[in-house]
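Labels A, B and C are assigned to the chains in the order they are written; within every chain, residues are numbered from 1.
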Amino acid sequence: MTQPVLEFGHIDKSFFGAKVLKNISFVVPSGTIVGLVGENGAGKSTLMNILSGILPADAGWMKLNGISFAPHRPSESALAGIAHVHQELNLFPNLSAAENLFIADFPKQRPESLSLIDRGSLQSRATELLKQVNLDVDPGTLVEKLSPGQKQLLEIAKALKGDPLVVAFDEPTTSLTQPEADQLFIIIRQLKEQGIGVIYISHNLGDVMRLCDQVVVLRDGEIQGAGDSENFTIPDLIQLMVGRELETLFPERRNAPQDEAVIQMHSLSQPGVVHDVTFTLRRGEILGISGLMGSGRTELARILFGLDSYNQGQILVEGEVVSALAPRKCVDLGMAFLTEDRKLEGLLPSAGIVENMTLVGLERFGSRFLGVLKRATLKDKVEEVVRELSVDYRNIELQSVQTLSGGNQQKVVLGKWLLGGSRILLLDEPTRGVDVGARYEIYEKLVELADEGVSMIVISSDLEELVGLCDRILVMSRGEIRASVDRQDFDRKEMLQAAFGEERLT
Amino acid sequence: MLRNWHLPFVVVLGFGLLSGCSEPSEQLRVGVAFETLQTEYWVASIEAIEAELRRRNIEMIEAVADNDANRQLDQIHILIARGVDGIIVSPKDSMTVIPMIKAANRADIPIVIYNRPPADNDGKSVTVVADNYKIARATVEYMAECAVKTGRKYKAMILIGDLGDINAIGRRDGFDDALRPYSDTIEVVARVPTEWSQDKALSGVTNALQVNPDINFIFASTDFLFPPLISALRTAGKYKKIGEEGHVLLGGFDGDPLAYSMLVEGYLDADGVQDVYFDSAASVDAVVRMHQNQIVESIIRDPGFVIHQDNLEEKAGQMWGAQIARSKDLTRLQL
Amino acid sequence: MRGNIGHIQLFLRDYPVLWLSLGLVLLVVPIRPEILSPLNLETLVLAVALLLVLSLGQSFVLITAGIDLSLPAVMSLASVVGASCLAGDSGLTGTPVSVFTAILAMLLIGLAIGFLHGFSVAYLRMPAFLVTLASLLWVGGVAVWYTESKRIPVTEEFIQVWYGRLLGIPLPVWTVAILAVLAHLLLSNTVMGKRLYAVGHGLQTSLVSGVPIGRTIVFAYMASGLCASIAAVFYTARLHTGSPELVENEVLLDCIGAAVIGGTSLFGGKGKVIGIVMGVVFIALVGNCLNMLGLRYWHVIMVKGGVILLAAVLDTFQTRWSGAE
């Protein structure tokens, strides 16, 4: 714990004259988990790139086990004992777990010049590595058959193969369910027990506080605060990251929800997905749905938007019974669906902002006959919405949206629905992969809309988000609604218990 | 008879040569547009035309359309834009050549149609074509005589060409008319459409041989289709030399090198030969004379001839395929 | 002023094919000055017109990330049906009909087959590649069966569709120019145009955003079929012949290649009429120049194939790079 395994000393880095890292100095002691937090663009990735030898530092030094360390390329860094576990998994889905582990250096049969793979040794060494990360699958299993959590564990096993001194995790829980994340944390703590230094990067501050012994907060390339994590609270961290208090992260509601029902769902069921779901969404209400992955929360939204089918129950929109739901019909009814998979279902990644933003509301800008577009009006309107949401961009038409940051991408998706005149928003994980600054701007916009009478259903794995934002929260588990809690009665513990279902209660 | 036919032609040819010599300063340029060079017949033809043009000190500009009529029309337009003095075209079919004739007429450039006569039209052109009907008929008649001599019954198959090509129709009609008097002995059991394609021929013949395994009389509308035909016959165990048990009476059309070697080896009974040397010389001659504003008959017919086991020695010298086959043998000897 | 220069620079950067075309002409002119003769320019313009019709139709489908491989067969069937209507020997009509009716019949064939393709791709979720490749065979087969592979002559009035002139300019040039302007307006200025791009950029996103995907895809394939029919009218009139072998399948490479060279992406979502026009000019120019130089046919296809491959490689890398960012 006392022995520093990795030290950063006065690291500076500039890109084209802009300083992205200023005088970064901190220590990763062995057997310690250090949380590195900061908004997108705060300099976390640049620092990690310097550590892994992708970028050289302009000034400053690093020491590994007390010895000066300046890798020139990733292989050098890996050889010295630095391992990275990325959010994007670098696995071959069509190969087995064992083959993925040893893809770079298969154990060979003698004579080695023949390059024949030693299957026996491959199997036994892989089994051993998988055991280290508690991954209970056969090494011959194809990676495409593994769950996201299992893949993440396999990635860690791969990192452990070279007996690393330091393991850096970059947003490892993004695609994991809570139980999978818990499993991951157990493994990370095991690494710590083995005396490995761990750097843990995440937007999920709850995870960081739960897991890390120390935290380092970056903003604009500078360390804003560092120390034992017990000396910080989440609001402290956010304040350091964005220079703003937590209370203002969730804006105050000005108007209470109205009584008028916008969506009424009666006893909706689809075998194996949702069971007997009944709820009402009122005008101007922000209704949260909490629950674990697989609890039926996303599935419910997909059914409501006509993407999936249901076999029982009734849905009323604005008091009218709606049958044969389809996305197009829902759009006509003023509904919007911001899905959790932004790249596949939210954006046209290779198209520009204008093209993306006008996707829903296109018809409103076309003439009745032949659908000739009023392009000037259209562009003005897009620019207006872009300004309202403060989207950061270089070229509104030519720049493809996949080059925008996660927060700006999400603003574009939201803008698309607002431009389409949607009055009922279904938001599934609206701030996934969005940094804290942009997150605040999105919350602000949502609350403003609700005050104006827009109704919304917010689905999120982040309970803090729902507590801060919603008028009411429904808790789902195993396809059923287990609890409906009004704002004044919000109790995190109770809601978590409901989310975990009966097992936790008994 | 045939030699008589050649006589006036040789005279004309000499005349053309003289007239060519009288204007040494202005070298003529003739565009030669072929629809395809896919078979040896067309290659032999364009080479014979090229040789004839070179002999007369005329520049040749070549264009090959690779089976596409529209592209060929483009090529004719481009030849016209290049200011050629005459055009020799072997078209894809008898219809699509008409706009080509009209384009040449508008530009006042003489145009000679090689081998495939155009359908009725009011344009001005000269066609040099083998008498497909007569040659095919004579070939099949020879085969039928061979059949009658054995005293057995025969089941016949014909490989028909692309019916958009009038030559294919002539050859088919020649086949039918030749066999009509022999209906007691020879029954036509299979007509395989090939569109001049080896693939289609192979699958068609294979099917036909499965349905009628006792086919023993086959006429191919072009020698180009012999390779798939032989392959199908081999598979069926029916590719036998003349005189061997189970020999299938075989006839072809064109006179290509493969047909010549099949004749020599004794697999092929008879082959209708188009006289490529006559055709090419006549085409060049016609284009030159039209350029000189002489009157040329609108159809020049190549009577062709039938080559078979009995006249092989005598006729091989006139068979273009034999020339190619022999020159290849010669090079092999020299090596 | 600076803005203008910026635009021109962007233009040249976005369409390197313009440089290629220019270079080609400069290369050939000293050897064959006839290439700039009015006679050859007319040949060239007409070749551009013919290919442009097909390329425009094809690019509607390419923009939706599909492909239409059936064009040659659709053209052949339209050609023989149109010609037999004129000849009055089709069982359908019995008596000769007017040029107008024949053309209408041809266009309907293209629209009907296009509808079939769009329906299969959009509603039955079949791969466009498979559906249209199958059509290339069966529609082509129907054309051969219908005519027993014979050619059918067409009337003198019908031929005027290609050979007629208005104000000294050939009718097909007028028709194709109007068609290109309409296609441009449709793609850049209408709801349907934007939907075509959206479907090509992201099918799932379009679905969730309430874009009527089915209708959009069917529209694209019907547009492609219609363009194939128009091309068939021109080919048939130009060659004076209704033919079941109207055109070689290689024309597919020409029209897809022209679109890709002109900046249309095989991965969908990208493509502009102006670029397609330039791609078509280039492909037509390559054919014309190489013929002018008297090069053999395989040289022509080697060069053309090479350039198209290069454009496809560029397209792939561009898509990859922008995707990797």
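As a working rule, a contact is a pair of C-beta atoms (placed from the backbone, for glycine too) under 8 Å apart; a residue touches a chain by one contact, two chains touch by 3 or more.
None of these values were measured; they are calculated from a predicted model.
Among the chains, which is located farthest from chain A on the basis of C-alpha centroids?
It is B.
Could you name the chain whose Cα mean is nearest to the mean of all protein Cα atoms here?
C
How far is the middle of chain A from the middle of chain C, if each middle is the mean of its Cα atoms, in Å?
45
What is the distance, in whole Å, between the centres of chain B and chain C, each centre taken as the mean of its C-alpha atoms?
Inter-chain centre distance comes to 36 Å.
What's the distance between the Cα centroids of chain A and chain B, rounded to whole Å?
74
So in the complex, the part of chain C that touches chain A is made up of which residues?
Residue positions touching the partner: 185, 189-192, 194-195, 197-198, 201-202, 204-212, 269-270, 319, 322-323, 325.
Please name which positions on chain B make contact with chain C in the complex.
37, 61-71, 73-75, 77-78, 80-83, 92-96, 98-99, 107, 119, 162-164, 193, 195
Chain B touches which residues of chain C in the complex?
Residues of chain C touching chain B: 32, 34-35, 37, 39-40, 43, 47, 50, 144, 148-153, 235, 238-241, 243-248, 250-251, 287-288, 291-292, 294, 296-297, 301.
Which residues of chain A touch chain C once you look at their complex with the stated criterion?
Spelled out, the residues of chain A in touch with chain C are 305, 307, 327-328, 330-332, 337, 339, 344-351, 355, 358-360, 362-363, 365-366, 370-373, 375, 400, 402-403, 416, 420.
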